[in-house]
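Letters A, B, C and D name the chains as they come in the text, with residue numbers starting at 1 for each one.
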Amino acid sequence: MIIVNTKAYKEGIGRNAIKLAKIMENIENEYGVEMAIAVQPSDIYISNHVSIKVFAQHIDAIEFGSHTGWILPEAIKEAGASGTLINHSEHTMKIEEVEKIINRARNIGLKTVACASNIAITKAIACLSPDYVAIEPPELIGGDVSVTKAKPSIVKKAVEEVKKIDKKIKVLCGAGIKNGKDVKKAIELGTDGILVASGIVKAKDKEKVLKEMASSFTL
Amino acid sequence: MIIVNTKAYKEGIGRNAIKLAKIMENIENEYGVEMAIAVQPSDIYISNHVSIKVFAQHIDAIEFGSHTGWILPEAIKEAGASGTLINHSEHTMKIEEVEKIINRARNIGLKTVACASNIAITKAIACLSPDYVAIEPPELIGGDVSVTKAKPSIVKKAVEEVKKIDKKIKVLCGAGIKNGKDVKKAIELGTDGILVASGIVKAKDKEKVLKEMASSFTL
Amino acid sequence: MIIVNTKAYKEGIGRNAIKLAKIMENIENEYGVEMAIAVQPSDIYISNHVSIKVFAQHIDAIEFGSHTGWILPEAIKEAGASGTLINHSEHTMKIEEVEKIINRARNIGLKTVACASNIAITKAIACLSPDYVAIEPPELIGGDVSVTKAKPSIVKKAVEEVKKIDKKIKVLCGAGIKNGKDVKKAIELGTDGILVASGIVKAKDKEKVLKEMASSFTL
Amino acid sequence: MIIVNTKAYKEGIGRNAIKLAKIMENIENEYGVEMAIAVQPSDIYISNHVSIKVFAQHIDAIEFGSHTGWILPEAIKEAGASGTLINHSEHTMKIEEVEKIINRARNIGLKTVACASNIAITKAIACLSPDYVAIEPPELIGGDVSVTKAKPSIVKKAVEEVKKIDKKIKVLCGAGIKNGKDVKKAIELGTDGILVASGIVKAKDKEKVLKEMASSFTL
């Protein structure tokens, strides 16, 4: 699984999001590696144009009703989202909300990828039963050194701790992931895939980097 | 100007939002009253299907960059939004953010409708130069008595105070608006239109109520 | 351990807080049950007047520096606090903050009592290693039926799950605790004590209720 | 008026806060310049030890009741506070809250010093009728260049705009204020005094700097 988080990057908005999603679609088809793009809420409709999964970057713990300006899980679902990131280090959430959102999402058929910044938080979040936990040390996000190189032991430990709590929860890692080697290492450390942002969205040749990453899954 | 805020109402999401927008489009064409629908961010793309204005219900004070999960003004603009509500009583904001967002929105060509709950806040917000101020006493929102009936003096005063601060700012009123009489009264009190939510979105016959409201502008 | 949370109750502020703390001091001395009063930050100085422990109701995850208006752990410590509640259902916190605060508090010698509203959140919080977890179903807080009567199984399960994660963490329960019988039941269910608010602070005869509760520990 | 904001500085906590307040007391007596120290909530009790005014750095918009962990205006009042800062750039607030707090504070006899970062926000806040507006461009806070040197026109304009809205509101300025010359300039620009933090709290010889500042009022 490769999840590309387009954040609020210029290169990942609107038409650029569609272009990137099309590239991902081709590579998913070619390499058989599951792909998802996590976009701005206003871009979730691009799911109508591609076969890969489209994720939200965040949803709010609200239900149908008078909640002007908050992101309704059912609304992103109807717009075509398959899942959502939650508790990203750029949008951390209250424990109560994380738990509520994970349950809300499960009930309506949205996958949740909950982010965690260290081992203790990884364990805490695993107790709340998301579909995925993504461990991303915030100090490495957007940087030049990948988590798999800087902190391989934290990735390995995250996988072990999550599996102790609940074997069904999948583990991703992120932060500084830039190339096929980083992905290969992530898989070796026991993860089910990666969460990547600038490494793809800001890459000059997105297709090349994505292909390299995708091919590392099958080596 | 009639702005219909669909909040997170089931009746205002996805296909329902498109249906409602189509009704509004017909009435705008027939009566010549400007219409806008303020929708969930994931529904802004419906602007591709209708000629009326589509507004966001909220945007965040962020710029291009690493801001996972926050709503980027440029993203809703590219998805087709003409403007946005801000500081709705269900999503109040920090003064600093309201000011930043109003300026951000103006710079990229989005209209701002800033909500205020009383006269003091109406004046404060007018100092920040939004395109519209919408006065909505929160205790009347979603209720059976319209602001124009319960508090006509607050609406009149809001108009006066805003115009003293900046004549270019338009004034809307909202809360409990249900029918043509309420709209007529709003216009008489000096407003440029209304902000309405459940009065339309929860109405059994949305078209009938909207027509009645639209016709009250031209009387 | 009996922790009395005075919240923002008129009966628990300033001179009233001192009076209540004096009563608790006498009962602690008489019954040998550990007592702590969790007060408004501006009342922590009352620790100079009584021998029982004084707790804060909340601290912020800040360090020394430019953080105007946020509650510094070191400041409440110097004012005489022995510990603090965190993540109370009336002041829930981000996972990242809960983790940071627990570590900050431990480093400077403050005990942490982290509140949780259900079993999943109890487990999540136990992974963050506070000194105490207090399980308080929010729907029972301030009500007439105690958690030990309405949800004995949730209290028992909370104790079991916490001990599985870390035997050193103590477990309290709260919500609706009103009398000695509730306390006795809490102890039987395996907790190390109770977190109580209106049951004491709003009681007509605080001393009588506290004595009854304290005596239930030793039965 | 000189307000010294001790923030969460080590040099302004507990015993250090008392020492600083004692120095201020002496200078107030000697120079006849009104002094106030804005401290951590847990330090408000120091008002029992000095004759100068003690302010909170923030209060929350709550009333008596179940509000664990939030700062009750009545609690800081009873602990001895004369007033409070609000909306400091390190703790900005929602417009609705600023308005509620100003009214709450006035009703119970607490003075409010509302901070603003630029002219538009200064005007907005003046519409909410605090006792003081303090203009502090955030980019200059904690820096080496004072607002009176870097942006004298913004200070002058702030005074003019506030007085246009409400002559009773007093205006302070802050950010980078370090010496008597800065204070003299602030007075010349029409302010009623200054809000200072690191310039005093981090000064090697606090007494000397404060005396210099105080004497600049009477020149």
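FYI, a contact is a pair of C-beta atoms (placed from the backbone, for glycine too) under 8 Å apart; a residue touches a chain by one contact, two chains touch by 3 or more.
In this text, all values refer to a predicted model and were calculated from it rather than measured experimentally.
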Whole-Å gap between the CA centroids of chain A and chain D: 45
Geometric centre distance via CA averages, chain D-chain B, whole Å: 37
Inter-chain centre distance, chain A versus chain B - centres from mean C-alpha coordinates, in Å: 34
Residues within chain C bordering two or more other chains: 89
Topology of the chain contact graph, where touching chains are joined (line, ring, star, complete, other): ring
Every chain pair in contact, whichever chains are involved: A-B, A-C, B-D, C-D
Chain C-touching residues of chain D, taken from the complex the two chains share: 5, 7-10, 13-15, 38, 40-45, 56-58, 62-72, 74-76, 78-79, 81, 85, 88-91, 141-142, 197-198
Contacting residues of chain C [partner chain A, same complex]: 87, 89, 92-99, 117-118, 120-121, 123-125, 127-129
